[in-house]
Amino acid sequence: MTDKTSAPKSSVTRRTTLLGMGAATGAGILSSVSPGFVRYSHAQTSAPIKLGFECHRTGIGASYGRWYERVARAAVKIINEEGGINGRPVKLIVEDDGTDPKRGAEVVEKFATQHKVDAVFGTLFSHVVVAAAPRAGELKMPYLVVSEGTHVSSGSLNRYCFQPGITDVRSQVTSVAPWITQNLGKKVTMIFPDYAFGYDHRDNLPPAIKAQGGEVVEMIAVPPTETSFTRYLPRIPADTDVLYHIMVGPAVLTFVTELGQFYGSQRPQIFGFIDSVEAVDLSTPQLSFLDGTYFWEGMPRYAQKDQSEWDKFYRTAVGVNENGASIADPKDIATYAHMYGVWETLFTIKQAMQTAGYNGPQDKAKFIEALEAIETFEEGRDHPQGNKIFNGKNHQVYGHHNISKVEGGRMDVVHRTSIEDGMYEVTADYTKMSL
Amino acid sequence: MLEVSDLDVYHGSSKTLQGMSLTVEKGEVLCLLGRNGAGKTTTLRAIMGLATAGAGSIRLDGTEISALPAHERPRLGIGYVPQGRRLFSELTVRENLEIGMMTRRSPQRVLDETLSLFPRLQERLGQVSGTLSGGEQQMLATARALCIDPKVILLDEPTEGLMPSMIATIRDVVVTLRNQGKAILLVEQRVEAVLSIADRFCFVENGKAQAVMPVEALRADPSLLSRYVGVG
Amino acid sequence: MRSENTIRVIALHVGVLAALFLVQFVLPDYHHLALTRVMLLAIYAMGYNMLFGYTGLLSLGHAMFFAAGLYGAGMTAYYTDLGVPLAFVIGIICGAALSLVIGVIALRTTGVAFMIVTMMFGQVAYLTITYFTDYTRGEEGLTMPTSARSFDLLGLHVDLTNAVQRYNLALGLLALTLLVIFVVVRGPIGRVLIAIRENETRTLMLGFDTFRMKLGALVLSGTISAMAGAAYGLMFAYVGATFATIQYSIEALLFTLLGGAGTILGPLLGSILMFYIIDITSEYTQAYLLVTGVALVVLVLFFPKGILGTIRERWLSWLP
Amino acid sequence: MASVSLLSTKGLSRHFGGLKAVDNVDFTMREGEIRALIGPNGAGKTTFVSLLAGRIAPSAGSIEFLGKDITNLPAHKRVRDGIAYTFQITSIYPTLTVFDNVALSAQSALRRHPRSNQSDIAEKVHEALGRVGLEDRKGEKAGTMAYGHQRLLEVAMGLALEPKLLILDEPTQGLSDSEIESFCRLVKEIATSATVLLIEHNMPVVMQLADTITVLNHGQILAEGSPSDIRANAAVQAAYLGTG
Amino acid sequence: MAFGPFLLLATLEGLLQAAVLTLTALGLSLVFGVMRVVNVAHGEFYMLGAVVAWWVASMFSLHPAVGFFAALVISPLIVGAIAFASERLILKRLNYDPESTIVATIGMLYIIQQTVLLTYGPDARPVSAPFYYRIQLPWFGYSGYNLFVIAAAIVLLLAVWFVLSRTRLGLIMRATQFDREMAQAFGIPIERVYAFVFAAGAMLAAIAAVLIVPIRQAHYLMGLDPLLLSFIVVILGGLGSLRGTVIAALLIGLSDGIISVFFSPTLAKIISTLLVTLVLVFKPEGLFGAKAR
């Protein structure tokens, strides 16, 4: 079960500590004949770089997980076709975390100690990130998440945690708030999940709207396990100009449908986060009500008129057609607005490993420092969503956001924010932590 | 008509019947006598298939039935009036009787005949059976068994806890049934009742028939009773 | 004959503990870590077995006791400066208190009603955790701060981020649990608990206050489970609502059933096996919980006594 | 009577719905006697002793044991006070060994003696098993023994409780004649150290053992007296023959 | 929104909830009543009903109504067949021992749920309603289909009531429920009755699921909530009492809709679960059980 080819430095430290504890007199003899030292003696360069992909194959994050995995495989394929990283092929190892925090932490441990990967990436749901991050830090395992939550950027995790592929919620909210107040209205009611990243919206939207002279008139938290929403809708004040919604999980379609039935055509302006309809076909009859409403999108699901060549390339590589559905199965809608983060994270790993001259786990510190040294990403094949700024202190990337309008069963971008719109004062500094 | 031979029944690891044998003929009443726990009720339950028999055989009209599942036995014409009546107490009188009628798809005639034996039930068809008086419940339990139009009737302590007048009614019905040619196997504690209706009686002890003899023998020598049942 | 058995039994337990101590020198990293986790889970299951295996009460809400320890210890460590050892003790006290309250109410029922009542209480506990999101951070849970990752006790510096120290701490707790359960179960109290399992009325008629005894068993069971939870949260630096879900209660049942309910080492064996069965199958299929389902059905149909229970029945009657 | 009253009931009643299972019974037992309780089926014998043992609560009336009112005392505390009850239907722990079965009783009894230990328990178990003659079977699983032995084990469990009053509910049921004979000897031996209340259908056994017989019918005491009195009592005959 | 219209909406929602809950809980209650089996896998039969409905509906590319009504027939049949098979293969062999069957049905829960995950996948998928009709009230709009579900549930309940109280089949089931042994002694093949009842219980859950799936989507984890709610309803209503089940479902459905507006829905759930637990401990016959019959 163990991998004979990797260099388990940690096993050496473990045995050293054991000796230090004086827990067993025989330990010295045991450790001298244990295979750890033998393995350590011959380093290698042709062996693959192993990347652990912590995937939500099951549980409420499953539709994201499925597409994240496709994107990861597509990106790794390209990296390998181009000679891998530092001349070594990249091997992708996938483990399902069941979108469950407990299993998530175990999976990170498994990556670190059994698969002995060089880095772990890909986690989306924030409770899984929060549970797994400390384990990653203690196992000194670079942990690159694609999660949107503010836990990385706020400094509550540790030096091994990064979010280089996707912006955090705070940035998203900050950048769209001005557009909302200017174009849709000043009285905002928000409906959000009573759960981790819902709080990121709850905590960040009101100040952002207030800063623009608007007001959040009502905040309606919905438990994440809720399956029916109609009874929450009467709590929306009648004088609401804008309904700001963010939902996630299997019930999103129900939410939108019930909203439609409740309001009919006499509705306020509606602004939502695409999370509410990720992986859901907009041409589903129940959703016709969304016509004329707006969504935040990380990357536009529908190919735009001014589609960049990078988007075109990326779309083909991950097997998505111009309507944001799988080429193989047009009924299988992608989580297109988010999943670019996996792609960009993988190319960021490649970039940093190359800068660091990464050659194995002994170079982890150099890898981390190389990541922290990154300042900008240029738009391109490796970063098809657009150019970005990376903050080495709070390990968070900042980029453009798209605001799209639903019309005729598709979405088109009506506004693209600047990177600066989403910037805020960063207080966290992971670089002060030891490695 | 009904023939039980060398029947063993286990309850857990202990044997409750060991080598029980008896026969009941058409038109006779055989009465089982014995102490508590001697195996009388178990014998009836084993015939109905409600207690799992080990070795031994149970024959009805010469057909071996001991391997049949419990629910198929009443369909061959065995009516059972259990100890404590065990009515479907939340069902009405009519529904209780309907279940009896369903067992062998008895013709309407059977119901009419049965009700003619128990006119009091006729008046209470719509009543929930659990609310009947004890005697009425016993009548219903008997009527329910008669509704299957049985060849053999097993009665377990039908007079237990009843008023004397009710006991007489039950006794009269048993006699009527015997005269109709049915085979009746009766478990009874009251010697007086046994003496008045049984043709033969059978002492049961330790899960086994110790002695079978005509009822005249008991009438002639009441000390038999204390010898076998330990009374007096 | 009896004393000979006692020697054999003690030798077996000491042997198991010694084996667990020695394997750490040869185990590959991952399994070293996994075993640390499994030992804590085994303590949880052993606590469960105290109630289910020995007293015959099947609880479907045991995760609430684990969670009581987990949150009692975790939130103390997270919000206060009391230090890890005190947080650990507080976690255990929370579990003991909760099991006392639940016991007084739930033990008024028996059989199926007891199962449903405990399941419902478990669900209430889970919902309560998610309701007080402001403090517990709900499903997301809490990550232990660095200050709670090490402590000094009796002049020893313990670093919870150190795999070796953690392993041996878990082993120490396992040994302690084993000792407590061994003493209880092999002694007069254990005999009475088993008697309650076999025939409660009769035990009452032998002059034992069966309600008190059952309550005692439930509190001991809940406290051991809470200790496992407290240790789990502190050692692995995470406290979350998943640990309070029904599925987690069922895991304890599964571990115990697999290893053998009413055997001292059964839960340990069951935990190890089930952990690896799930760990290995999850590499091949996303539906690894299918294994859990199949295992439950197969166990209850064909091996209701579990592995050690079957071994004891067929071959080694002296097995405790 | 000269000797001390061990147990007495006053107006003891228990109703189930409309049924008066035990109806206003005044009953007294002397220390050291063997008392038999007889009566036809459904006379309320088992209900009556269940009331004495505390398995069910009375609807009315009181019970006094050793001069103390125990009417509201829970069953397990009555056992500690010295009332032991052996079940009508064998109620041992079939999966435990014979030793453990009796050890449970011994353990219960020894709680009255502070600082008793495992070897005290073992000693008591040996004593009790010795009295019923099961000593050489102590390692067997109780459930695998023959029925007669299980009944003896039941008695041993009662004995190990060191009862002042031992209630035997139909102890000879299902025993063979030879077993019954040795059982009677055992009961006589027991009576040297405890008072015995015997519920029994087997009249020869009753006649042989009992000092006094109490006859219950319809939940009431129909007659009480020496075996010869009862044998001659017409009302008792009538009750058994079903005319009463 | 003003209180009046709000109450109307809450009532409509409550009725919808109660309608689905009654059908589901009735299945659980029937199985418990007749067989004395607590079926923890009941929620999975509900889920299976929804998933099969999606599968059937997606095979008919005609008008959505065709697919829906086809699903309404086929889905319960398939679910019933699966339940029937599991009863024969598992529960019967356990001799309906209460504790063993709980453990076994927990196992069945995982087996069904995970098999669906393997075959159907982890996504929530919608089934089109047979019709879309939005009723515009002065204060808010409401789906006409929701009203159809309520009506359909009432019709189904009446049908179940008719079968149970007015037919031979119902008589057989009730007789088996009251005294299993006596039923046998009167020629009722209780094993077949058990298998039938278990299948029928699952079919009721499946029907409820088919009705709700155009509103809620089919998802492999959707079974847990209805299971817990059904438990609550069945316990409140009295185990095995049909009338109690209906009353309790209405109570829970309506109060849930209304309470969760004044309190947090989670708090409402905590309180109702706690209350029900205490009912089970201190009044095990349920609030409307036994005596209400």
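Residue numbering begins at 1 within each chain, and the chains themselves are lettered A, B, C, D and E in the order written.
The rule is simple: a residue touches a chain if its C-beta (ideal position, glycine included) is under 8 Å from a C-beta of that chain, and two chains touch if they have at least 3 such contacts.
Note that the structure is predicted; figures quoted are calculated from it, not measured.
Shared contact partners of chain A and chain D, listed by label: C. The interface with the greater number of C-beta contacts, when A-E is set against B-D, is A-E. Look at where the CA atoms of chain D average out and do the same for chain E: the two points lie 52 Å apart. Per-chain Cα centroids separate chain C from chain D by 43 Å.
Taking each chain's centre as the mean of its C-alpha atoms, chain C lies 34 Å from chain E.
The distance from the centre of chain B to the centre of chain C, with each centre set as the mean of the Cα atoms, comes to 54 Å. Residues of chain A found to touch two or more other chains are 57-58, 194, 223. Looking at chain D, residues 94 sit in touch with two or more other chains. In chain E, the residues that touch at least two other chains are 117, 122, 264, 266. Listed by label, the pairs of touching chains are A-C, A-E, B-D, B-E, C-D, C-E.
Within the complex formed with chain B, the chain E residues making contact are 168, 171-172, 174-175, 178-179, 181-191, 293.
Residue ranges on chain C touching chain E, taken from their complex, read 58, 60, 105-106, 108-109, 111-113, 115-117, 119-121, 123-124, 127-128, 130-131, 246, 250, 253, 257, 285-290, 292-301, 304. Those residues of chain A lying in contact with chain E across their complex are 57-60, 62-63, 65-66, 194, 221-223, 225-228, 230-231, 233-235, 238, 249-254, 257-258, 261-264, 279, 284-286.
On chain B, the positions that touch chain D within their shared complex are 12-15, 35-37, 160-161, 189-193, 206, 226, 230-232. Touching chain C in their complex are the following residues of chain E: 38, 90, 93-94, 98-100, 102-104, 106-115, 117-118, 122, 224, 228, 231, 235, 264, 266-267, 269-270, 273-274, 276-278, 280-282, 284.
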